[in-house]
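Two complexes are shown next, each including chain A; its partner changes from chain B in the first to chain C in the second.
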Partner chain A sequence: MIFAGVTEATWDSLVLESSSPVLVEFWAPWCGPCRMIHPLKDKLAKQYAGKLNCYKVNTDESPSIATKYGIRSIPTVMIFKNGEKKDAIVGAVPESTLTTSIEKFL
Partner chain B sequence: MATKLGFSITNPRFVPASFRKPIISVSASPSLPSSASGVQSIHFNSRKLSIKRRLLFFSPRASTDQQGQVQGDEVVDSNVLPYCSLDKKQKKSLGEMEQEFLQALQAFYYEGKSIMSNEEFDNLKEELMWEGSSVVMLSADEQRFLEASMAYVSGNPIMSDKEYDELKLKLKMDASEIVVEGPRCSLRSRKVYSDLSVDYLKMFLINVPAAVVALGLFFFLDDLTGFEITYLLELPEPFGFIFTWFAALPLILWLSFTFTNTIVKDFLILSGPCPNCGTENTSFFGTILSISSGGSTNNVKCSNCGTEMVYDSSTRLITLPEGSEA
Partner chain C sequence: MKALQASTSYNVGFGISAAAPPPRPSRHRHVILAQVEPTEKSVEIMRKFSEQYARRSGTYFCVEKGVTSVVIKGLAEHKDTLGAPLCPCRHYDDKYAEAQQGFWNCPCVPMRERKECHCMLFLTPDNDFAGQEQAITLEEIKETTANM
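Moving on, here comes the complex of A and B:
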């Protein structure tokens, strides 16, 4: 699995203290639209390997992270750089929408 | 007749979003008081040249600052990006500049203070236009929405949830691209939502059958009567041709649009992606011969995976019926 999971315990070290931009996907096993973008994320993680770290957060297991960043719907993809939240994309969007947002911060 | 025809064709329902958007954005693009955005875009090219000149002017200083004993490649590098090395900062990515731009707008509108000088703001705006950023082209409502989204995440909301949702719905009705979200689940209610948008092409095509019938009838009658309709006014040849194409045809098209509108009232064709498989499905809203298609909601079955969906034209949302699993 290319997409490693992040929990409350590892959030700071993996996401906020990362030296390269980080993409985080918030998801839950009961969410249908989340499944739609699974193959897409794996593809993106390969495409931007080395430039972008990709993680996923299970909102059932780590609800406090979702609350902290004001997430109301999943899937939500967030891009972090230097520990700051830079962009958020809500919903199962087409690949081009995701790549445009990623390119902006690389 | 001519004005009526013009009206029915420029009726906003038939104008695709892509045509409307630039019109809104040009007229409503806000800017700090000193910078008139209209003037700026006219002088866009010359201003860019002046930036380049400034870069050249700064470059000797930058290289003496940084050069030291380093020679060769290093010197070339500092000449390439003298503007950035002066700032002692890394070149900002497009996204970061957009964020800064919106923060400056937000500070100005909601806190009444400037977080950067007018000159800095103008430079940032120019840079964004040069990079082809869409943020500087947004309408006032769109910028307000982006600011509100940012403020919400940072924990200092600038409007209530209700105002936020109303603004979002308004932008959705205006076919703004910035509020488009993919199919998603609400974390709180666990309900599935998907956005609906107006299918302008299909709304146009619904007028076609009546137009075809009317046109067929016109040429049929014309033929049957030995082209008497076109010769009705006994016009000399070039004028007869002009009459057919510039008066008779527009009249027929206008009549068929009107005819369609009396049969199908206040109609709206909405399309949106299925929350399960992403296939676009369309649904018709309106009244056919004064029989309503069922109020503001329609039940739609996905053509690809068969998922039952509920289309709501007032909220422009697709939901799944109660009790079903996504």
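Moving on, here comes the complex of A and C:
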């Protein structure tokens, strides 16, 4: 399973109106640390399949979403539930940091 | 200003002829990609800068040289398009204004003041991801970014 991309056009339906919690990775093509956590998040997407929806946002292609949610450092991972932002994790963090956050919202 | 306007859409109305980036190489124009490859000249400039600055600041490249390579290419791409090596690991509301302002141009203020590089280009020796090297070749950069 790979992370599907979400854009301005699909943001509301895929993220805000999702019945399951949603994990969103904000990334950019030339961001080095983003490359380090891509495989980690692919693994998490598999691990939480059916319980958590996982998407990624290319901040160069969808700048208005990144601006709306105050993204500064990339990568930033956000968790949404019931249309609300619940948590934000900045930088290339260890797997345990992400799982701890995910578990809180399942 | 006619030539400036003709170079890239980013320049229109910006009025910064001194820092104006060169036009993008025409060889890329027919390629449809999510991202444009930076010019080899800018990659080489940023590669050399990175080696020199790592030595000068006593920092090291990431054990995973792919991270280093991607960041160097990102800096080069910003140098091509913005005229300055703006940090590629941040989101900006206005990249062009930010490049002019300079705070996040590499080496950014947090790096110069506190050796903080969240892009993981320059890592202090105590960082878990710090490698042993302060050198990277153009070949390494090409190899580790070939599958992007």
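In the analysis below, the second predicted complex is superposed on the first by the 105 of 106 C-alpha atoms of A that agree within 3 Å, B and C clash if a C-alpha of one lies under 4 Å from a C-alpha of the other, contacts with A are read in each partner's own complex, and residues count from 1 in each chain.
Convention: a contact is a pair of C-beta atoms (placed from the backbone, for glycine too) under 8 Å apart; a residue touches a chain by one contact, two chains touch by 3 or more.
None of these values were measured; they are calculated from a predicted model.
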| item | value |
| --- | --- |
| First, second, both or neither for A:29, with chain B first and chain C second | second |
| Residue contacts on chain A - larger count, chain B or chain C | B |
| Which of chain B and chain C A:39 touches, first, second, both or neither | neither |
| Partner chain in contact with A:85 - chain B first, chain C second, else both or neither | first |
| Partner chain(s) touched by A:71 [first = chain B, second = chain C, both, neither] | both |
| Touched partner set for A:104, first chain B, second chain C, both or neither | first |
| Which superposed partner A:61 touches (first chain B, second chain C, both, neither) | second |
| Residues of chain A at both interfaces, chain B in one complex, chain C in the other | 28, 30-34, 36, 59, 66, 71-75, 90-92 |
| For the chain A and chain B complex, residues of the former touching the latter | 28, 30-34, 36-37, 59, 66, 69-76, 79, 81, 85-88, 90-94, 97, 101, 103-106 |
| Touch list for chain A against partner chain C, complex | 26, 28-36, 58-61, 63, 66-67, 71-75, 90-92 |
| Chain A partner contacts - residues on chain C that touch it in the complex | 34-35, 62, 64, 66-71, 73-75, 77-78, 88-91, 93, 118-121, 129, 148 |
| Chain B to chain A touching residues, read off their complex | 93-96, 98-99, 149, 152-153, 155, 181-188, 190, 192-195, 273, 275-278, 325-326 |
